[in-house]
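Consider the two complexes below, in which chain A is the common component and chain B and chain C are the respective partners.
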Partner chain A sequence: MAETREQHDQSIKDALMKQNAKTVTVLSSLLAIQDSLGYISGRAIDQIASYTGSTLNDVWGVASFYTNFRFSPPGENFVEVCWGPTCHLLGAQGVLDCVLGELGLKEEGDTGDRKVSLKFNTCLGACSQGPLVSVNHKIIGPKLIGDANPKDFQNSVVKIISDLKKG
Partner chain B sequence: MASENSEINLIIDGKQITTQTGNTILQAAMESGLYIPYLCYYPGMKPYGACRMCVVEVENGRGTPASCTTPVAEGMVVNTDTQQIQDLRKGITELIISEHPHGCLTCHRTDINGANLCGPEDICLRHVSVTDRCVSCPKNERCELKDTTIYVGTGLTTPMTYKYRNLPVLNQDPFYDLDYNLCIVCARCVRACDELRGDNAITLTERSGISLVGPAYGSSLLESGCEFCGSCIDVCPVGALVESDYKWDKAVESTSTTCPQCPVGCQLKLEVNKRGKVIRVIPELEAEANRGQACFKGKFGLDFINKRSRLKSPMIRRDGALEDVSWEEAMSFVADKLNLYKGSGFAALSSSRSTNEEAYILQKFTRSVMNSNNVDHSSNMRPEVTEILGDVLGYQAATNSIWSIEESDCILVVSSNVTEEHNVASVAVKRGSKNGSKLIVIDSREVELTRSAKLWLKPRPGTDSVLLGGILKVIFDESLEDQEFMNARTDNLDNFKNSLWKFDLKKVQEITGVDESDIRTAARYIAESDSTSFIYALDNLNDAQRSESTRSVINLALATGNIGKNNGGLYPLRSGTNDQGSWDVGCVPHLLPGYKNLHDSAARASLEQNWGLNIPEETGLGLKEMFPAIITGDVKAMMIVGNSTNFSNGDLGDVLESVKNLEFLVVQDAFLTDIGMLADVVLPSVTFAEKEGTFTNMERRVQPLKQVLEINNTYAMPDWWIITELAKAMGYDSFNYHCAAQILDEISNNIPFYAGIKYDRLLSKEGILEPAGIPNFPIPSQMIPASGGRNTGIQWPCLDVQHTGVKVLYTNIDDSNKFSMQSLEIVDGTSVTTKEYPLLFVPGRVLHDSDDVKIEVINNKNVIVRDEVLQLNPEDAKRLDIGDFEMIQLESVDEKLTFQARIVKESFVGVVSSTTLFGSLITQLDASEDPDPMGNVPTLKTKAVRVSKQGS
Partner chain C sequence: MTSFDEIYSKSKSRYQELESGNKPWIRIGTAVCGEAAGSKEVVDRIKSDLRSLGVDANVSEVGCIGLCYAEPIVDVIKPGGPRIFYGNVNPDIASEIVKSYVSEDDYRPDLALAAMSESDVDGVMNMKDLPMWSKQVRVALRNCGNIDPMEIGQYIATGGYAALDKAVNSMTPEEVLKEVQDSGLRGRGGAAFPTGTKWSFLARSPGPVKYILCNCEEGDPGAFNDKGILESDPHSLIEGTILAGYASGASNGIVFIRHGHEGPINRTLAAIEQAYELGLLGNNILGSSFSFDMEVSLTGDSYVAGEETALMESIEGKRAMPRARPPFPAAYGVWGLPSNINNIKSLSYVPEIIAKGGEWFAGIGTDGSKGTAILCLSGNIKYSGMIEVPMGLTINQVIYDIAGGTPDGRKVKFLQTGGPLGGVLPDEKMDVELDFGAMSQAGAILGSGGLIVADERACAVNMARLLVAFCQYESCGKCFPCRLGMTNLIEILERVSNFASRPEDLELMTNIGQNMAAGSLCGHGQLGWNPVQSALKYFPDDFSAHMEEKRCITGQCAQQITTPQRTRSRWSPVQLLELKV
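Right after this comes the complex of A and B.
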């Protein structure tokens, strides 16, 4: 059963109150809510505005600036594919095409059944291991799972993702 | 800082320049008439440095800084036009242009090089793609970007490759058309909304190449807190933001005049097209009254001038129908009729939009020709707010200027719907609050300013005066008063202090429902601030409560020493556009011009001598007494100078019903209004844009109206002309006026504090008007001078023709004339509820409320659709058996409304409140054809209601 509005408001409030930052800013509040709810809802923006004493549109300006904030509830699983320069040179495009094909997506977004959310990432921070894929915040790369051949890695990734899809 | 106002010398392009510390290079250059191209900079806004157009070289400095963000320093040597800078600028414009359609620059048929191959009727020869054509941009030929690009010499001969963003053109907001394909993301609009208006309704969304301007999460402007002031349109350098009406029209002339919509008296440039229509309104950037701001009423509500329903010729009722007649016939008919009603059976009403001259001539006509003192102006609904002020201080007017509110340390707004009624004054309040002034709002309604308030005291309706008394009590209890000021300038202190004993804080808390601690906080804010501005309209109180609240506010100002101070003072908010002027020139029953008492026989005699006519001594009837007197038969004939007189707000009872009892009614109006339909004679008058005259605004500033349009297609005449002709037709040849300026001369001869105010002076050079002249470099459209120049007016008292007016009243200490502290009473706060209607309904208007708002497009305009919410106290809800979220019905004497119930603990027992969105008001205004649309929109007036479950 979906959360009622009151429950949603309460969880936003909790996330705002609990944030562990030296100074509470619009950005820290946005991060706290994204961490706890997985996304920034419209009501969250309202509440951040009143909590930090800024205005709705200011908060939106900050939130929409950063591509890492999302504004709709995420899928159950979260997949990121790196398309930064290093990964690109190491064959990210092939991995990306496989992942998109397996998920039936044309670009980043959520699958229809909301099982998987896909996001492109410009750097996952482990360029030496590329091309990288992150599944539910766990990094997967050819060297990390022992696939020497790019084709093998693509197949492994497809398998992992099809497992996610099955649940 | 000691160096704050010191001067700095620098050299720009070899020219020695002296400027103030803190200015940027760009400002210094502009001050001395040097031009540096810029796009994102705008006068009055903080430096932003987005467009980089204004780069300069500073000798011995590093790189090429943007001159709009670089502060001047002593001995700086700046070059703005070296080869390197020119190359850089060209590169920068190319970058900007590479995201902007620019067929207008590259088409070989445009007139960039002096050859205009494209005539007005020509068909575009498809030199460029359809989205790129000059004619598909609404700012074609008045585009700052294009002018700047040409100025910097970016020689574009062929179109650059660029990606048309192909965003939809948004044309569904009530007044704006938004085409973000043309946006260059200079963020002027975002900053105007935030810095200039204090609204922050739009923001920059996303980033880098896809960055755009818009309200939060893709919502519409209606929901985002937009006031529809049009400030963003005024500052936009390209065609991204334009007015949707007359979007494609080109202006051939622009004239600056005074806005007729409210007492702020904004100076507006009216742009006229070649067919003589007013197509655009641009607020004057350097006018002292509005400083470049306008509001939805001024910016978008002046289209009535162009309406075809304007009255065309005089009409006389014959056999029940109004028939067109000539002026001669109408005049002799009215003159004959009025000759029968001389004396107290005649009453006259001027309009809230009558100029000083018209109000003056009408009262002169009524007094001397008609031998009656029954003369008033139709917006004189709350005389208490200023009358008491006049009694205590001397002048019935605001003590300071509008924009000094912004500089006050504390701003107290008492029961005033400023954002709607006096919009630009609310800008000063919001800007002050944004810059750290403590804004205290005392209002039982949720008005727009409560959003910016540091402290919102929400007294039970009708108890505002008790709350103010409580605040005064705290000030004296805690010895926060300005003793020095009180000793020097006030008397009657003992009586006043004795009267304060009644306001025990516990009791005040009980009566008003406001927490004792909040009252104390408010008192400390007011008393401990260096300067406090007091703004009060008191528009939802009854007369007795209003008088008492006015006394309290004046007491507060005196107790805290905020009289005769630069940034602190009293601002009574009158309702009509020219209420101030109407009072000044004596268009009220009991006062002669210049606030001289009617019963003062010396004053009357001197005026009689000046006029060469007699003035009756008998006290006249005021606005509120006239209509009952019609029913009793005391008033038999009436003359109403209309121009949309607002009789529809219900304060006066059923005016339309009472005027039916008149034997003879003359109405002067530009439109056939409801009251005109009942008249025996209707005389067509012209609108503000077609006549000359003066308005006096809420800060005592006398500003001229200029004739923007010729009188076209109609025999309408200015109201002053009609009245003088009528007097002449009745045999009074001394009413021999041939222009409004002549009447103003007579006013200034009769009123000492208008003595130096002459029409030619208001329009002359004397530091009041700057000569028109269009510079040869591109500037924002708002800065282009109107023909005939701009006016800043003169603030009375202006004692002679050398005097430049007075900004702050009562700066001189006058021992013989001390201000008397007013004793206070606790006025019964019980309101208008009756047995039948036991609850009190308190409406409010807020700008943003994200709950359940749906925007629907009706007739190509956005309309807000939502269940209106009514807040009730749990106790009332229980008694009425109403649950949360239940649909309920609200009934008052004159209306029936459906609401969704919300049970809110904070609301008072016996009080139900609702808020409607500001945006929905806007759409209502747009749908109205009335010149004074505010009259048709429900005011935020408390009234008695009953509530029941729907269907029960």
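Right after this comes the complex of A and C.
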């Protein structure tokens, strides 16, 4: 069921009002909206501009700078694969290739059926457990799935992703 | 108004009950490293097993004790017993521990990692003999993995906020500043600037409103110690920040964290709230005339946001692009007000420095680098994790004696230090001491403390290419030598690793690198040439194999590396065309 324009405006307004940043800025507003809507829409840009007393240009400028913001609704599931140097040495490229293959993608982006959005991450912050992927914001390393061996880990990740595609 | 003594004695008695009361105390490490290894599942299993067995025990979720290779880690103290650590615990092992040791009396030496106790426990290694633990001197990490970060009482019971009480009620700001100057503490965020000197600049700036900014952007891949401290012991950062504020006459503190790291963010927010409740933040702290406020500010994904002036732009909600200096932050900082930027580690040392004195801290380490180094060990290494050792140990001691070398006994090829702007250090050079000067002389800055070990399967060209891909992707685009230089460098390195290099490429890279260093506003462009320069210096054979013999010695370059498309960079017009207004 598609959201009406009024509903969309209302969700943006709610996210703006409810943000728990102590100091409200263009960036804090963008983060709040991306967190609650999953993306930054054109309407969101308009509302942030008037809410923070900035120009549309300023808001677009900030939104296009930070690479976490996206401008179209995300897929149902969100997958990140780390390509930082530690994970790279521990076999991230193999994981990345499997994930891209399983999703039928050539680079980061959304699958055609919008089931999965894939993003590359420069470091998920738990390098000691690499190589890492994050599925719907849960970080998964080889130990979690009990696979010390890189090949097994790749297979488990492929399995998780194929379940997401079906789910 | 309750006095600090009252708060302390209340916290202390509650803590003693945990530590030596009549119930078992179970602690589980649930920082992000534990979570990635499955600690959440372990917590759930332990709680449900305790319920079904009808055993009464205290369960605490603690942070990271630093032995990340053995995560998930669970430790148990039974009344009157030693503290026994269990490593690599999965839900089934957790059930065994609960059944055999928590509910009965078999401490399961077969599952135990080590025991922390005065006397030896039969069949279990003492923590003092554990290679990764024995050489550690834990100052900033003293509480990590020991206390529940969501319980301010546990921090206070283990000596926390006593330094703050001492400072605001019996020392002048000048005396606090002098202790930090005497300690010789140098910033742990990368530039190693003396912390006391930096604070003295802020102390001299006028104004009722001045800021202490705590930098936990931590975009360096391979470094996780800042987030580790916030996740495991946020109060030591908060206490350090208040002390910095007292010493330099500041009124506000802002903890700057990258969004999405829920552990550090939530634990810091909760800690700030608890500190307010006890009157450790806010007006008239602990009955003194000093007032200080703190908040958390989140940023989006941008590596350069960690640079001190870009950080201020980001707090103001703008694009994280560095400002030209002067004016320096102490004169014109965030919102145009005087500010001081410090790394999380630098500030977390301060409570111990004030409690034990600057001279004590200066007694640890080397002449040029006082105190300890907080290191993150990862990569092809046996014992990965977060450790704190005295400055002056050699890298060899860290990699071989503490971290056990590579997991399968392969030869170490190089070490990547100090984040993507650092360098690579070959195995032969690893007798260098942990010391800011000695490390940068060897061409590998200590930086934020990330040490990534690569074994002989790694190719230096491949690593240089990956690091430059990172720097290119993360360039903020303000200075064209950095923006265009990184793009050219990655193009050339791609040619080299695809065996399609041109004869002039080496000279061209050097030329670009030198221009970037000369023409960029911030360290990103100035140091972005470091990884390639050090790879060229130490591994010329790797480069000549690719360029002249058209082959990769290790075979690593036969495989493509996928990195984010260059056209997706933040300053690319292509991205803007995609936006639909």
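Of note:
Just so we're on the same page, the second predicted complex is superposed on the first by the 167 of 167 C-alpha atoms of A that agree within 3 Å, B and C clash if a C-alpha of one lies under 4 Å from a C-alpha of the other, contacts with A are read in each partner's own complex, and residues count from 1 in each chain.
Keep in mind that, in the parts below, a residue touches a chain if its C-beta (ideal position, glycine included) is under 8 Å from a C-beta of that chain, and two chains touch if they have at least 3 such contacts.
None of the values given here were measured: they were computed from a predicted structure.
In the superposition on chain A, A:G101 makes contact with neither chain B nor chain C.
Judged by the touch definition given at the top, the superposed model places A:T86 against chain C, while chain B stays out of reach. In the superposition on chain A, contact is made by A:G42 with both chain B and chain C. When both complexes are overlaid on chain A, the residue A:C127 reaches chain C alone and has no touch with chain B. Touch criterion met: A:A21 reaches chain C, while chain B stays clear of it.
Touch criterion met: A:W60 reaches chain B and chain C at once.
If you count the residues of chain A touched by chain B and by chain C, you find the higher number for C.
Once the two complexes are overlaid on the shared chain, A:G112 sits clear of chain B and of chain C alike.
Residues 42, 45, 58, 60-61, 64-65, 71 of chain A lie in contact with chain B in one complex and with chain C in the other.
Note for the complex: chain C touches chain A at residues 32-33, 35-38, 41, 68-69, 71-72, 88, 90, 218-224, 227, 259-262, 295-303, 314-320, 376-380, 384-386, 416, 420, 450, 452, 454, 458, 463, 466-467, 470, 473-474, 476, 559-565, 568, 570, 575-576, 578-581. On the chain B side of its complex with chain A, the touching residues are 200-207, 215-217, 224-225, 848, 850. For chain A in complex with chain C, the residues that touch the partner chain are 21-23, 25-31, 42, 45, 52, 58, 60-62, 64-69, 71, 83-86, 88-90, 93, 96-97, 100, 107-108, 120, 122-130, 132, 137-141, 143-144, 146.
For chain A in complex with chain B, the residues that touch the partner chain are 42-43, 45-46, 55-61, 64-65, 71.
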